[in-house]
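Some structures to go through are shown next.
Here subunit A shows up in two complexes: once beside subunit B, once beside subunit C.
Our next item is the complex of A and B:
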């Protein structure tokens, strides 16, 4: 048994509105998502990527971000009690250069510990026409074990060659 | 093929504790990586800081450079010399119930005896709040000005007294 294991990978061969990791094994300590994503919202160079956990559509998600735009503007934002995670990552859009995909790494701590809400940290970026880099955190205000994760752009689709891999980190060798 | 990650220790606190310490860390790995999900018992506050000390050194041999956000609209940065690596934000007693801070520490080349030790840290004090200073994000570069190999890590609380029950700490050895 490896300590760091790939649970599932989704590679899009065509456009798709969302990606769901379901039936997540309840055997790891922590999870990590690594994502390379591009969407097709016209007129935009980049958008946040949304997330829901366990199909929860209630206003149970909070999210804090700090970011730089274009290497000059620095700011921070809270997104509190949303019905989805506002920024679970970033998605490059068509006004960005062709071939650019946004890179995101999300660490999900103690995802199956029912004594605590689920919290995450993440790094994401979308480069090219709209340069953006952000460190952020996520709260799902629910102590249930995480069994599924839904990721989706604000509208339209992820495009082909978007890839997402979910890893599990064990706490024993 | 050798495993890249090996679990050195995993602890989930069964009750409150002033510190988490891992001693006798083997020198056989290349790097150390730690994931924590922790909360402070600091009273009448939504936020506290976690501290990192190496090899039990309580001297003024640490510094930390931090990029942080604790309020809407702005990002700050600072550097200070201290008796521990600080500025690692955690939720405290007034934060959203059952919510623990999430973060990671990366200590590259921890067993090297030629160079000072650096600690790269990501930390978040999450909570269902948009009130300034009740939440916090931090990316920190810690420095321990010692060439000794790291054989002990101690995590503590800056202002409060204890980590609360269910705080977890997972230390990995990473092989290059």
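Our next item is the complex of A and C:
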């Protein structure tokens, strides 16, 4: 088994409300999501991307973010006990210039362990007209193994050419 | 800075990183019981960079503690570090020019909500060079229900020209162990063959 292996890639050829990675193999030590995303919420330049794990709709998600807007401010925000991950990444929206997609990397460590809640880290950015750069944590307050991941914009859709790839990592072959 | 980003960069540059075998899994340790220190020690001369993945918790009876790292058993004041930290709605920056260890992140400990672990990824660059060894680390300690959960980004420099041959990870409070269940993985990014 390769050390760094692509599990699944979603490439959107048209608009789509959400992307789900399901039946995630329980054969890796860690997971990584790499995302390039744009949405179609009219009147917006950029917005957080939401996430749910294993279809859990309970208030079991917390988020701590540290970010700069437009390179001129630096601040942090807590989003505690939400029914979804408030910031799993970023989605560029139509008020941004054409061609820009938000880039996000999310690390999900020890995802199959049933004795640990799941804490993730992520980096995300969006340009242009919605300049935003953030490092953040995600807590799913549940010890179940991660078997599916749902990603979606707060309303409307992801647009075509949005791509998402889930990788698995193993340090011991 | 995240897992795999260097492999992607190497691949994009047309270097050895385009080969999956250039990114090696070296070792993984999951603690079956509380333990003071986790050590990775071997000849890393095949590698350009090392990546340490930590999913860890502290055993001491406090809310949080520090996960620290020393290299090659160096306990001198040879570790320079700086960080940006977000906690609640505040952001802080700090630096230390001459510490006795690197800090990689904040550990939830025995007084924190059960089953919550710190997530951290640390990269050490050019580990066999005769330069001072630079690196960076990212970490999240997302305490359940706490607006004081922390996210951190670290810049690290070990002021030694020695090749890295040993990595020690420990709870910097000195009196606390790393908790059972803590998991540490070490990856290596290979040099281009010569």
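The rule we apply is simple: the second predicted complex is superposed on the first by the 172 of 173 C-alpha atoms of A that agree within 3 Å, B and C clash if a C-alpha of one lies under 4 Å from a C-alpha of the other, contacts with A are read in each partner's own complex, and residues count from 1 in each chain.
Following the convention adopted for this analysis, a contact is a pair of C-beta atoms (placed from the backbone, for glycine too) under 8 Å apart; a residue touches a chain by one contact, two chains touch by 3 or more.
Not measured: the values here are computed from a predicted model.
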- Query: Sharing subunit A, do subunit B and subunit C clash or fit in the superposition?
  - Reply: clash
- Message: Tell me the contact category for A:145 with respect to subunit B and subunit C: first, second, both or neither.
- Response: neither
- Message: After the superposition on A, what does A:167 contact: first (subunit B), second (subunit C), both or neither?
- Response: second
- Message: One more residue to check, A:107. First (subunit B), second (subunit C), both or neither?
- Response: both
- Is A:133 touching the first partner subunit B, the second partner subunit C, both, or neither of them? neither
- Query: Does the superposition put A:74 against subunit B (first), subunit C (second), both, or neither?
  - Reply: both
- So, A:64: does it touch subunit B (first), subunit C (second), both, or neither? both
- Message: Looking at A:41 after the superposition, I want to know if it touches subunit B, subunit C, both of them or none. Which is it: first, second, both, neither?
- Response: neither
- Query: Do any residues of subunit A touch both subunit B and subunit C, and if so, which are they?
  - Reply: 2-4, 29-30, 62, 64-66, 74-78, 80-81, 107, 109-110, 113, 115-117, 119-121, 123, 135-139, 141, 143, 169-173
- In their complex, what parts of subunit A are in touch with subunit C? 2-5, 29-30, 32, 34, 62-66, 74-78, 80-81, 105, 107, 109-110, 113, 115-117, 119-121, 123, 135-139, 141, 143, 167, 169-173
- Given the complex, residues on subunit A that touch subunit B span 2-4, 29-30, 62, 64-66, 68, 74-78, 80-81, 107, 109-110, 113, 115-117, 119-121, 123, 135-139, 141, 143, 169-173
- Residue set of subunit B touching subunit A in the complex reads 3-7, 10, 12, 35-37, 67-69, 71-75, 96, 98-104, 122-130, 135, 137, 139, 165-166, 168, 170, 172
- Listed in rising order, the residues of subunit C that touch subunit A in the complex are 1-5, 7, 20-21, 23-28, 53-55, 84-91, 113, 115-121, 138-147, 149-151, 153, 181, 183, 185-187
